[in-house]
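Both of the next two complexes hold chain A, though its partner changes from chain B to chain C.
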Partner chain A sequence: MMLVVNVRKQLFGAEGDFSLTTDLEIPKGGITAVAGPSGSGKTTFLRILAGLTSPEEGFLQVDGRVWFQGREGRRPRINLKPQQRRAGFVFQGYALFPHMSVMQNLLYAANDRDMAEKLMEMTGLGNLRDVKPAQLSGGQKQRVALARSLMQQPELLLLDEPLSALDETMKSVLQDELLKIHRELGITILIVTHDSSEIFKLCDRVLLFEKGRVVADKTPRELFVERATTQKFAFKGEILELKSFDAIHTAVVAIGNNLVEVVIDSHERGSLRIGDKVVIGTKAFNPTIRRFEHHDFDFSRL
Partner chain B sequence: MNRIRAVVRSIEAHEALHRITLDAGEERFVVITLELADEYRVGASVDISFKSTHVALARSLKGELTISNRLEAVVAGVRRSRLLAEIDLRSRAGSFTSLITVDALERTGIQEGDRVTALMKASDLYLSRIREA
Partner chain C sequence: MQGFDPEPFLLSFRLAALTTLILFVVCVPIAWWLSGSTSRLKPVIEALSSMPIVLPPTVLGFYLLMIFSGRSPLGRFFEEYFDLGLVFSFEGILAASCVYSFPFMLQPLQSGMKQIPQSHLEASYILGKSKIRTLLRVVLPAMTSSVLTGLIITFAHTVGEFGVVLMVGGSIGGETRVASIAIFELVELLDYRMAHIYSLILIAFSFSVLMVVYTVNHRSRNERRA
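Entry: the complex of A and B
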């Protein structure tokens, strides 16, 4: 077992205080998604693993070595400092040293030129070694942050929404690179993300946090595809418009930034109101699929 | 959405595909679906749901049809509009509605009190688990 984490930490939320409580075991070598609404304790969970925040009590062991052990109200028996823990950390912000080149940023983490060369090669930074962060794009900066977090050859890589500031194309490229790094280094990764396609593409497990507790611990397929009904095609939306004509009724529903129109029956027409939160769905057999064409309206342009 | 309460009678799986037979009253239904959550097992109570637009109606049906679900029903009401008509139906499995064109209504001569056969394809029906309140 790679990671055993059994901790409790008091948190102060906008809707009252709650405690982050985990009782988890994560095997070596996987990529685990940490998901859930803002303020549910995801980032605190990662900070506890990295040693940037201490829990009130609990036990944390990574690959047979105890990183934290302590009881409430006492000084922890064991509490390794962040630099003693073999954990790499990448945040949404890049946190690079602006006055240092890419190479110097990597060497600051660990003075190991061979490792720096290998990681720059792996992340496609080879010809940017002497460039300062200000001249890099968002995707390149995040590659540097990722390479730097790997300089000390961590056992555990902690990623807090590392790709959420990037556009879709760059996001997809970095997801592929992350998979490549994971394959080559065999490192155990925890990644905070809200992006369902990212979870499906990268992760073998999802921990869904709600008010400090893990309310679902499943594979992405179990969480997203095997639903409570046999409808595979279901989206949460909000009713914007209801109309009646001839023998039918229609509802215009906003799903994310997309608008769709659905035919409903008279019973549904009677029970629905504008503004209602609804799920529109159909079976996996019914939707059709075709290539996007230039005359199709792309809601992501808005 | 039409809903008919039923009990799972059998499940046949082939890789991700499942064929489920269900009993509702004295009627038998067949549903085809992809991955099935564990809570759908033989003996489970479920709702079979389908849209009115997915129910075809036949009078004096003869000959062979590939459609898996046929339900004998009585026409309990006809609400005719200009292009479409909503037909209320009563069966041994429960009540439901069908939405058909006025052309089809005139061609078949369906009217209140008639005995008809309702036809639904196995891939047009979906299941939802009944949650205890």
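Entry: the complex of A and C
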């Protein structure tokens, strides 16, 4: 077992206070997605692992070494500083040091030229070694941040929405690079992401956070594909209008920015109301409609 | 230039250089502490350190004179243990200048540090670097224009001070008669020609200093935009 996270931290959200509470074990070597709506505690979870935020109580152990432990009875409080933990962290805004070149950024982490050359080779930064961060594109900055975080050969790599600011092509390229790095270094990775295709491509496990709690802990396949329904596709929407012409009933449903008119039967006509949240799916090319249930996975919450 | 005595200028520059050096060393840790502190003492310290900006130099000079005099505990301490009289001496006006110019060093440093994103500090800590190393390698080099502003403004402000030096130091040639005081004396002696020469030198100096500060700030702002 690599990572045992059993912590509690009070958070002050826009919609009231809640506590981040986790009771997790994460095995070594995998890539785990940390997903959920904004303000659900994902970033705080990563910051607690890195030692940038201290939980009120609990226990955090990585590879048999205690990183945090709250005072409990006669058990003393332990809270390793970020400097003492072997965690790499890639910040949302990259946090590259602006006055240092790419090479200097890497060497600041660890004065190991061979390692720096190897990582620049791996991330395709070879010809940018003397360039300052201000002259780099978003994708290049991301590569530097990633390479820098790997300089100290961390046991655990924490990525806070690393690819969210990049366009689709760049995202895909960097996802491949991340997979390559993961394969070559065998490092354990936790990645905060909103992107379901990214989760599917990179991760072997998804932790879905909501209001500070892990509400789902599944493989991406379990979460996205093997759901209770057999529908080929499904979209969540809201009923804007219900119409009836003789025996034919239709519902106008807003799905994102699109409006769809769906034929419904008289039974459905009786049970649906304007403003209802619904799932529109299709079986054998016939659109179906039913009320949105709680166990339906909500993509918009990612 | 007949009768021109460069000594007051040399004294002013020596005073300003030493004041700047001392204040830089003292203010960097204080600004660093203030920038990361949520202590309730913070506003007290910020208010105290800004007092010299609003107080008349005579008020400051008067109390420094009282504190430095041989009759006060501090004055006696310096006289007994260091054989150092702080009143009417170069050391005295140096100490007074450090108090008087304190906010002019602290504030640029503090505002420069405020502009460094928190994530840069955190990134450095996660990379295993101590707070001091982070300050020296990540923070100070990324705020060179603020550092330069603090150094130059402190230097220029010290050259330009008058009231505090007069109160604490009087006008002793080669010891406390700095340029601004020399001008005051020349006017009192009705030597307007020499007073003009001294004054024009200070005007030229002040203008060049401010030009440098604004040029540096302008350039660094453009760089940030690029």
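Quick note on the criterion: the second predicted complex is superposed on the first by the 235 of 302 C-alpha atoms of A that agree within 3 Å, B and C clash if a C-alpha of one lies under 4 Å from a C-alpha of the other, contacts with A are read in each partner's own complex, and residues count from 1 in each chain.
What we mean here is this: a residue touches a chain if its C-beta (ideal position, glycine included) is under 8 Å from a C-beta of that chain, and two chains touch if they have at least 3 such contacts.
Since we're looking at a predicted model, the values are computed, not measured.
By the document's definition of touching, of the two partners only chain C reaches A:Ala95; chain B does not.
Contact with neither chain B nor chain C is seen for A:Ser38 once the two complexes are overlaid on the shared chain.
By the touch criterion stated above, A:Met151 is placed in contact with chain C alone, chain B being left untouched. Once chain A of one complex is fitted onto chain A of the other, the partner contacts of A:Ile248 are limited to chain B, with no touch recorded for chain C. Contacts of A:Asp265 after superposition on the shared chain: chain B is touched, whereas chain C is not. Of the two partner chains placed by superposition, A:Asn257 touches none, neither chain B nor chain C. Taken together, the two structures place no residue of chain A in contact with chain B in one case and with chain C in the other. Remark: chain A residues 221, 225-232, 246-248, 263, 265-268, 282-286 touch chain B in the complex. Remark: chain A residues 50-52, 81-83, 85, 87-89, 91-93, 95, 97-100, 108-110, 134, 148-149, 151-152 touch chain C in the complex.
On the chain C side of its complex with chain A, the touching residues are 117, 119-120, 122-130, 137-138, 141-142, 144, 223, 226. Chain B meets chain A in the complex at residues 1, 31-37, 39-40, 49, 51-53, 79-86, 97, 99, 123-124, 126-129.
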